[in-house]
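Down below are the structures I want you to see.
In the two complexes below, subunit A is the common chain; its partner is subunit B in one and subunit C in the other.
What follows is the complex of A and B.
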């Protein structure tokens, strides 16, 4: 059966995953494969006086020991945003966990033993392990700012690093002072957001095979083409000489976006002359990338009736020792900071700050998750002071489709009022609440889509089966199923006649990345266009075969029909080539220069981040119980409603974790909860009693059939909703996560003299 | 990463004890492996020799003593077996209830009661309960056997009175009298509990004859809250000063600040959990008497 868009097609990879047939990078076996292990710094900031690898190199079974001295023939710095990071530490280490040497050995145990034989002499340096320390006058400097260079994919204008601030992003509109002067209600507060780990079941895994003038890399990476570009740049070779193959990923969530463990693995393979595999463990993954912790100050002004007027925001995000995706995270957070409202004026000042902590990068719904709970809690506080209902105040102030979200950006392309109403209905908004129960709503926008450059090829083989060559990474989100459905729709071909093999830069064409909710919209559009090219070819061939006009032919169930005559696709291709061989090739692309909608202006689309929560508070322990979690997936049109719902649940559960308990705890740069025993991730036991997901299908997206991306929004919407639900019971939140102990302290304080229980840090 | 080790598979307790004596601190007893393998994988400990006692027949038995006055549990009984055993459910339902709350399904399926007690992880659920219960532990070596009250077994964090060549061979739970009932309360935010409280009340003619109260997880070892126990003795079961007892237990507990939470919050939790456990135990004891 053909299973185009709108059908709940079972995942095309479900069977292979549940039976264990699906291959992940760590499953691959190569002849002569060596196992790599990485020596990591125990210091947050220190000079490396000496590294002696002699004893390690002599250990039987060890093939290669790599340090920065082995990389002196290349420019060993990378970083897609800022080229600030050496492949292995040079002369100094900047965070606990920074790689400074690596070993390749015949097995993992030998490699690990060899690490303990590497002698390193450190000289401790003063460290800046918190935002406060890094921003202070006397702070040690993480980098020489005048040597910092933009990376290959910086994309945010010129660098103006200053002190430990590596990037500053500012947006403003209107006369701020005047708008606050008109404000009769002003809410102002400081907030903090913790460092969070983007747990994926499969930690980063890479295999590299050096082949003289080229290299093949199997990597659990989300963006094979960007990794390719960075490896080619680092090892000074044409991009075509770097081949990246991406098997299935055991989850990404942003932790596998951009380049991570690939440079070290390639460096080891280059020196060893044999393929090398590096498989991070969870504790290593935690120091490879994480979500930015943040400090934020926000002020919102409104008229006495709750009409919003002005918002002023300043925030500092801790990007750790190397920028990673920090500048983009900061820019996206700045986009999210005003919230989706009609302001007279707003001003956003956002800073990306180096500290002696592990680098921070992407994590699902970055920026929006950081800012939305803050902005939305101020909107609710204004509603309380204005005596207005939170739903009503939102409907009054929300932007309408076609209104400006941020200066110079794409106009709003979503029905936010409709989305809020859907949440309110699912929450039974306004109905009586049981004791100690609160309800909250959070709505916001996330600049989604990244850069709109994607290409795809569809091959239709002689038997009428199709193979989709597209470089989107299957990381659990179901992209292979979605691409199959998009092609099925256009080709009128049964889903089991369509194959999506996954990314391989030698074979599958360029796609910018898999992230920012972009694949269905952008890579999907490329696949849609490639399939449409084949569709046209089939119609053309059929019109010759039937000797009728193409307009009288219908494609259905893998065949062309004219009245009651039919020819299968296989017969058509044989007719075309006059032989029992040949194939049809369709190609599609998306670029800022063309296509439907406004790919030229950013963002590609505004992803709606919306959530609703009903929580019950245990006043004895401070524990929150989530009785109901609601989300709306504003997707334009759902290709596969079940997959959309599963994405919503996943994002909601991560949002719940971010809101209620996830936090990487640091002490002087050292992680105190660096294993899953101590770092609690959301599990089935944390599920809400009731989970409701609603679709909004207004066909208002820039993808094929009005599709737009999904899967991130709920992660930002849920914490905002939970924070507001708690405020609804009278407990203010200014620091995440909302642990039972913090709630208990807030309760004690509200009972007492309303002392500030959340202890926001002072503004530097 | 798990480094190589040699595994020994003795057929009797004596053989196991001889192996343990021979290897001393280079050996560890391997049962469920849910704690041991974790620390070995993390590199926190390395034992070149593991003595697998799962090859010794009979160590997983759960039975009533011939006198019928105590439940005898083999150390290899898993949490999963204990929570489901008809014998345990009939004669020590509170113990089955607590076992059903240990860690998670995966740990309960593999982890053993003996391993849990001998590892002496400070957040052990059974250790808190057995302390209140007044259980006795039987330790055997090649040439000797001794009985130790649960209170004397756990000495500190990851530290017990078990000698290197000794094997915990039996956990002996005296059956509770008909007019005794208990309750267990725990509070967790992470994999292991932040605070645990076990309460047992013996009620006669509506009066508390005897109270036993243990507080676990907040400090290095579970402790008895004897002042609170003393306060309750002689009070009416339905109107006893449970919240005062909770406060006494809280001040008796000696919590530490750690990743789970501050000492202050844990002390508060002990107060709340103790009060709740006592109230439930009293309700059950009175109910049992009324039914009987």
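What follows is the complex of A and C.
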């Protein structure tokens, strides 16, 4: 049967994933493959006085040792937003874990052994390992700001780095002073958000094979085309000489967005003249990328009846030693800061700050996760002071479709009131609550879609089967299934006649990236258009074959029908070519159309970030139990409802982890919980008692059939909901994660009987 | 278990015998070789994955004499003279095991990296307790992390498989 949109078809990759057949980058075998390991800095900030690799190079089994001196024939700096990062440290290391040398050997153990034979002489430098230190007048400077160059994909206007601030983003509307003057209720607080580890279960893995003037790279990367561009730029070759092949990813969540371990691996392969694999371990993945920790000050003003008037926000995000995606995270956070409300005025000042910590980049729902719980907790505080119900106050102040979210941005394209009502219903809002039980809701918006640049090719072979060439990365979200369903719908072709092989830049055409909830909407539109081209060709051929007008022909179940006559697609293609070979090719693209097309306006769509939580508090221990977790996926139309719900639950659970216990703890730049023994992510025992995922399908998205993306929003919505549920029981939250100790201390503060004899507070 | 290495043998390799997915394997290994590397690199069974390296995540889980072990923290030598089941040995030809079938039907996987270990642990659970309660499943699967699904569909799939594995003639116990 055809399995177009709206059907809960099983994932097309499910069978291969339950049998162990599905191949990830680390499962691939290549003849002559060497294994690479990376020597990483033990200092947060130090000069490299000397590196001696002689002894390592002499170890039997070692093929190549690489340092920055081997990269002097190229411009060895990369970074898609700011070109601030050397492939291997040059003269200076800036964070604990920074790569400064790499070894390729016959096996990993030998490579590891060789690392211990590399002698490095460091000269310790003063370090700025926290936001406060980095922002102080006397702070050591991480980079010479006047020499920083924009990266290939910064897309953020002029960079004006200053001191350790690598990027500043400001948005505002209206007369802020006047709006606060009119405010009868004003809420003002400082908040902190911790550094968080994405934990894609498969750590970054790359294989590179250098072949004369070109290179083939198998990589666990989300954005093969952006990695290709950065590698071509680094190693000074035409983009077509860099081939990136992307097998299945063992999770991404942003941790595999943009360039990560690829440059070092290619550098090793170039020097070794043999294929090299680098497979990060978890402790290495943790210092490769992470979520930004943040300090935020926010003030919100409202009328006495709870009508929102003004919001003023300043926040500083710690992007670590290199910018990675920090500037974009900061800009997206600024977009999320006002929240989805109608304001007389708001002002957002956002800063991206270098520190001597591992670089921070993308993590699912970045920016919104940082800001939403803060803004939403202030809205609830205003509701309490105004004596209004949190649902009621939201419905009164929420933006309606077509209203402006931020100056110059796309107008709101979602029914937020309907979404809030769905959450309230699922939470039994207003019904009596058991003792020590609170309920909360968090709603917000995330600028989604990144750049609207995607292309796709659909090939229909002589046997009537179709292959979709699209570069979206399958990292668990189900993109191969979704693309199959979109093509099945348009081609009227059974889903088992459709193949989606995965990204390979030599074969599958350009797609900007897999992230920002964009694939179903944008790459999906490209696939939809490519399939439609084939549909037109099939109708044209059938009209010739049947000698009737195309309008009288129907495509159904892999065949063209005219009255009770039918010809299979295979027969049509054979008729067309007059031969038992040949194929139809359809192409589709999405672009801003020179700034005038329907995708010219940013963001591509506003992703709704919404969650609801019911929590029970143990007053003796401060421990929280989540009795109910609710989210709504506002998707326009679900291609595969079951897949959407499954992704929502995954995002909700990550939100639960981010809210309740996930935190990378640093001390003077050293990570103290750098393995999964110490860094806790949600397990089956952390699950809520009830887990509810709802769909909102209003066909209001910019994708085919009114589709818009999803999969991230709940991660921002859930922490906000949990924070508000806790405030509902009288426990204010200013700092994530909400550990039992913090809850217990807040309880004691509230009850005025805190006893500090228990020990120092856990907050550094 | 106690590992005995023959005295005075300084050869870098040990010879072991074991059964992997029903097939006899007679091979030599390095004394320090981890079961995970043995399976993935020497035998080519790449279904067991490497993630945490410290026996926390469960993605390297295989069944040794029917019991789940973390292959990342088990020496290959410890598998000598024993029976090993990896995910590659679970289906009977084209016919999926009921757990595999339920995982497919319930969308109990996304990226699929944890899936082989998750299914094998669940198999061990259902052999111990044919109709586990939801709490029992949660307790048993605690050592198998999944970052994609939020676990809900995994629990549903395990419950469905439990019902399917119930021998004929016996009544279904409530979930």
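Brief remarks on what is shown
Simple rule for what comes next: the second predicted complex is superposed on the first by the 747 of 764 C-alpha atoms of A that agree within 3 Å, B and C clash if a C-alpha of one lies under 4 Å from a C-alpha of the other, contacts with A are read in each partner's own complex, and residues count from 1 in each chain.
The rule we apply is simple: contacts are C-beta pairs under 8 Å (C-beta built on N, C-alpha and C of every residue); 3 or more make two chains touch, one makes a residue touch a chain.
Quick caveat, the model's predicted, so the values are computed rather than measured.
Within the superposed three-chain model, A:27 lies in touch with subunit C and out of touch with subunit B [touch as defined at top].
When the two structures are aligned on the shared chain, A:741 is found in touch with subunit B, with no touch to subunit C. In the overlay built on the shared chain, the residue A:725 is in contact with neither subunit B nor subunit C. In the superposition on chain A, contact of A:105 is made with neither subunit B nor subunit C.
Contacts of A:677 after superposition on the shared chain: both subunit B and subunit C are touched. By the touch criterion defined above, A:646 lies against subunit C but remains apart from subunit B after alignment on the C-alpha atoms of chain A.
Contact with subunit B, but none with subunit C, is seen for A:621 once the two complexes are overlaid on the shared chain.
When both complexes are overlaid on chain A, the residue A:17 reaches subunit C alone and has no touch with subunit B. Put simply, more of the residues of subunit A are touched by C, taking subunit B and subunit C as the two choices. Of the two partner chains placed by superposition, A:286 touches none, neither subunit B nor subunit C.
Taken together, the two complexes place residues 109, 281, 675-677 of subunit A in contact with subunit B and also with subunit C. Within the complex formed with subunit A, the residues of subunit B that make contact are 1, 3-4, 38, 42, 187, 189-192, 259, 261-262, 265, 268-269, 272. Residue ranges of subunit A in contact with subunit C, taken from their complex: 10-11, 13-20, 22-24, 26-27, 29, 109, 199-203, 248-253, 279, 281-282, 475-478, 642-643, 646-647, 649-654, 675-677, 681-685, 687, 691.
Residue ranges of subunit A in contact with subunit B, taken from their complex: 108-109, 112, 281, 620-621, 623, 661, 665, 672-673, 675-678, 680, 739-741, 744-745. Partner subunit A is touched in their complex by these residues of subunit C: 32, 40, 44-54, 56-57, 59, 86-88, 90-91, 96, 100, 103-105, 107, 109-116, 119, 137-139, 141-155.
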